[in-house]
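Here subunit A shows up in two complexes: once beside subunit B, once beside subunit C.
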Partner chain A sequence: MNRRRHRRLQLFRTIVLVVLGIFFLVPIGAMVEFSTRGVGINSPRTLSSFTSIFSYPDLTGAIVASLELAAITSAAMLLLLLPTMVWVRLRVPRMVRVIEVLCLAPLTIPAIVLVVGLAPLYQWININLSDSILTLGFAYLILVLPYAYRSLDAGLSGVDVRTLSEAARSLGAGWATVVSRIIVPNMSSAVLNACLLSVAVVLGEFTIANLLNFENLQVAIATIGRANAGVSIAVAVASLLFVFVLLLALSFVSRSGSRRRRVRVGVT
Partner chain B sequence: MSSAAEPAGPPFRGRLRVPSWVGVVPFFVYVAAFLILPTAIVVGGAFAGTHGPSLTNISALTQPYILDSFLHSVVLSASSAVIGAVVGAVLAYAVASGAPNGVIRRVVTSACGVLSQFGGVTLAFAFIATLGGAGFITLWLQEHGVNIYANGVWLYQLSGLILVYTYFQIPLMVIVFLPALDGIRPQWREATSNLGGTSWHYWRHIAGPLLLPAFLGCLLLLFANSFSAYATAAALINQGGLIVPLQISNALSSEVGLAQANLASSLALAMVVIVVVVTALYSWLQSRTARWVR
Partner chain C sequence: MTALVTQTDAAARSESRASVEVRLEDLRRQYGSVHALDGLNLTIGAGELVALLGPSGCGKTTALRLVAGLEDADGGRVVIGGRDVTLLPANRRDAGMVFQAYSLFPHMTARQNVAFGLRMRKVASRERLRRAGEMLELVGLAAQSDRYAHQLSGGQQQRVALARALAIRPSVLLLDEPLSALDAKVRSQLRDEIRRVQLEVGTTTLFVTHDQEEALAIADRVGVMRAGRLEQLAPPTTVYTQPATAFVAEFVGLTNRLSGVVRGGAVEVRGVRIPLIAAGGADGPAVALVRPEAVSLSAATDTATGPLLGTVIALAFLGASSRVTVDLGDAVVLVQIPTADAVAYPAGTRVRVALRLDPVLITRDDATVTP
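What follows is the complex of A and B.
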């Protein structure tokens, strides 16, 4: 009877995974199919949609801008969030909850709501500071806070922050040294995790850029899609693959990281 | 004990001790400027009139076309949440009942991570390539004599949005529901069959009641998720204000002036109120689950 249940379970799992696999793979496959279509009805497959990505200066500009924004947002996230989280744990533990609530708040405030309040702010920024698309980094840092916070929080809770930093401080290290040379190397996979999630969020962002009239990757895809669906679907395929590889790499990195830590504990 | 240890501090402390609030200043300044201030602008705008505070913008929400967009948003979110939650729970169970560190589980969870976040514009184009006028499935079915758009092109309407939204709702459900399923111990099942219980007894009396709060919580999260989604709908539907986010974007990008900006604020406020209530219910249900998970 137990074996029969086991066989039934295997059958159920196979059916579910195959059916949903088809549901999730068909649209992606259709994108690949669509973006490799030739011009005529029976013309052969062609990669011209992919190669002509580079003949759209707006599109390449938007791709570069989105990559720059991803890098800026990740760096700013680490600079702002990590020292604050370490500081709060060491010096003002009663603020931990406040920081957490603030960091997770963007999950309950939809981007479409946030952009209504950001619009007047960005009017001011674009007139008085800069009208570069890179100013979007200010808003994107807010968007990535929840993901970065969760990841860094998980990493920090696996490190004895107090002992490590007291040891480092008693040997004469300053705060910057404590964070960059003691804390970060001890939670490198959490830091990497936070960065990759930030990159994924920024590369996929559309709402804020679109309504503040900046052309980032997603806005460019949507705009070009109205004229030439093939090219914009080609870009969409490329960016989807890029992020998928990024996150798959992450899942392997974090696995090997945890294994290494376990080994080290075993040795000592 | 602690009072003796704390104020004394380490004896070798040579440098000036910085007040403890200094370290959190940059973070609070930043969050105040780019999270709290925008939220305050939304709330302020919703209650702003031409001469001081007023309720004009709030009462503007009762116009029929705006009420329609709220109705559409609720229908869209509720149906995509129910479909996403049920199918996602089944997929999560299929994943959870396999090897905990197996390839299938790793691939499914990272794929779900991408698909639940990366929806947006890409997703709209994926479905245009699949079910659009020249889409892969549409053409294939046409060759076999089936016209899925015999009753109109539904992809760019509410029913189309429901289908497209399930594409990111199912992966999100897998991510948020998997921890609850992992908390179910195989021993409970063994105990049930040792006591003569069947599969039905196990699901009806053990796993079902335990998983129900988690399931409902995830359902609410999915509702809030699709209620606040904008990118996919905007890329799929070019004009009109079918759902609330599209109404907000119309009001925000209209050139008519302050009245429209304030309407955007009151729409945004109404939306955030709904999302906050739903999310609060979610975290209450989640805390009930947390009592027995791990």
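What follows is the complex of A and C.
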């Protein structure tokens, strides 16, 4: 009886895995297939679409800009959000709800609406401060808030922030030291997660950049797609791969961190 | 081994800075409508260990946090070594703190934890590790230096926390019920250990607890708190034998409440005239607070003892002494006598009860205090 139930569950799991796997892999497989097609009907597979990515200067510029934006947004997000969340938890706990609602609000606002609100602001910024694409970082900071907040919130609730920070402060640490030396090291995987989510959001963003007339990665892919579909799909595959590799690397980093601690348990 | 210990002791003493006096002046702190501290005055002498004792919620933790700078005072001053530090933030106060909750930094070894405060003070790395090792040795954990918090028992974690607080050579050491999360045996061991270390380094110390036994055992002086104020501040024996108020008498140790009548500087309880600790107060009905060890028992046939007859309803064995509960008909008294005597009075025995003529405290309110 129990065994049959177990087998049925196993079967159900396998089916779900296979169906979802097909759902994700078929489009990616199709993209790879399409981007490696030769020119003629029976011509052999070629990587020319991938190699010619670098012959589009606009495209490489857009890739670099998107990567820079991802880095800037992640850093700004951490600098802004982490100290705020720690401070609010310790000093004004009744504001925790308010901060949460504020941070989650961007999820409920469609990108188009956001752009309508941001457009005049960007007009002013572009005229008075800078017209660099990197100014998009402000908008992206808002965009990544909900994801980063959720991740950091989960990390913070696993740490006794109050006691640890009070202990550190009584030992002479200022607030910056408390956050960077005591809190972050104890929630490093949450911090990595928040960064990863921010990077993924920024690398995948199209609407705002397009409507504000900036050429980021996704906009460039769309533009090239009109001229050369093969290259456009190749870039899409490459960016997917890039995010995938990043994810893998980050999970290795956090795993090796916890393994180091586990090994010491064995030694003692 | 002995030589080694003596050497570190000497080193610890010679390196520790001179102890300083700590003064809490008229401290006030309010949470909404709750007066957590309602004008607390307390002076801790240089090198002294004062235990703040009181029921839960009386403001002990708040007092400690105000001294540490983790909370701002609504009024009053904190003076450490003659310097008014009321407005200084926690990280510039020079107060070492040991918390009730386990507070070691989980991502650091015991040694790194202890060295953290020195790192904040920009002490060079070698010197830092040397001193951290020394402090760990002082609390008997040299062998566990490289362990993380989760590899240490609760008692060991609190020892490391103590070493960490002392490593910065603080002007004042603050301990907030550091033993309350530990089991009884470890608790009394560590209590004695804390006292030994404190005497060794000579740091002025404020030790908060709700456990009267702990306070009486460890402190030079005990401060009994009630509702944000200090009720009595005195050496442990004085607090026990000459409580300043009924609250202190009932909170520190057990007491019997026996109704009687005050007349001419003594209280008459069931035909026995007992002198008062504090003379004064109008004549009239009152409740005498009599310690269980000031009551004695004898066989019901022994008419020389006095007229007070009762029935034993319970006998609790406490080790060398036992506690006998006697029903007098209209009241119940606790009696503490040597176990050797107590075995003669199993439950159900009729006994004669005698009150010793030790001075007692009287109270006129009927409120009972539950510690």
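The rule is short, and it goes like this: the second predicted complex is superposed on the first by the 223 of 268 C-alpha atoms of A that agree within 3 Å, B and C clash if a C-alpha of one lies under 4 Å from a C-alpha of the other, contacts with A are read in each partner's own complex, and residues count from 1 in each chain.
Here, contacts are C-beta pairs under 8 Å (C-beta built on N, C-alpha and C of every residue); 3 or more make two chains touch, one makes a residue touch a chain.
All values derive from a computational prediction rather than experimental measurement.
> Counting only touches as set out at the top, which of subunit B and subunit C does A:Ser170 meet: first, second, both, neither?
both
> Which partner does A:Leu134 contact after superposing on A: first (subunit B), second (subunit C), both, neither?
In the superposed model, A:Leu134 contacts neither subunit B nor subunit C.
> With the two complexes superposed on chain A, say which partner A:Ile22 touches: subunit B (first), subunit C (second), both, or neither.
Neither partner.
> Would you mind checking which one, subunit B or subunit C, touches more residues on subunit A?
On the superposition, B touches more of the residues of subunit A.
> When the two structures are overlaid on chain A, which partner does A:Val88 contact: first (subunit B), second (subunit C), both, or neither?
A:Val88: touches subunit B, not subunit C.
> A:Ile233 contacts which: subunit B (first), subunit C (second), both, neither?
The answer is first: A:Ile233 touches subunit B but not subunit C.
> Considering only the touch criterion stated at the top, classify A:Val201 as touching first (subunit B), second (subunit C), both, or neither.
first
> Examine A:Ala119 and indicate which partner it touches, taking first as subunit B and second as subunit C; both and neither are also allowed.
Touch partner of A:Ala119: subunit B, not subunit C.
> Quick one: is A:Asn210 in contact with subunit B, with subunit C, with both, or with neither? Answer first, second, both or neither.
first
> Given the touch rule stated above, what does A:Val96 touch, subunit B (first), subunit C (second), both, or neither?
So A:Val96 meets neither subunit B nor subunit C here.
> Using the superposition on chain A as set up above, list the residues of subunit A that contact both subunit B and subunit C.
166, 170
> In their shared complex, at which residues does subunit C touch subunit A?
Interface residues on subunit C, with respect to subunit A: 68-70, 89-93, 95-97, 99, 101-103, 105-107, 116-117, 120-121, 146-148, 151, 161, 164-165, 168, 174.
> Can you tell me which positions in subunit A touch subunit C when the two form their complex?
Interface residues on subunit A, with respect to subunit C: 160, 163-164, 166-174, 177, 182, 185-186, 261, 264-265, 268.
> Enumerate the contact residues on subunit A facing subunit B in the complex.
My answer: residues 5, 9, 12-13, 16-17, 20, 23-24, 26-31, 33-35, 80-81, 83-84, 87-88, 91-92, 95, 99, 102, 105-121, 138-139, 141-142, 166, 170, 200-201, 203-207, 210-211, 218-219, 221-222, 225-226, 229, 232-233, 236, 239-240, 243-244, 247-248, 250-251, 255.
> Give every residue of subunit B touching subunit A within the complex, in rising order.
Where subunit B meets subunit A, its residues are 10, 12, 20-21, 23-24, 26-27, 30-31, 33-35, 37-42, 45, 87, 90-91, 93-94, 97-98, 101, 104, 106-111, 113-115, 117-130, 132, 134-137, 167, 170-171, 199, 224, 227-231, 234-235, 238, 245, 248-249, 252-253, 261, 264-265, 268-269, 271-272, 275-276, 279.
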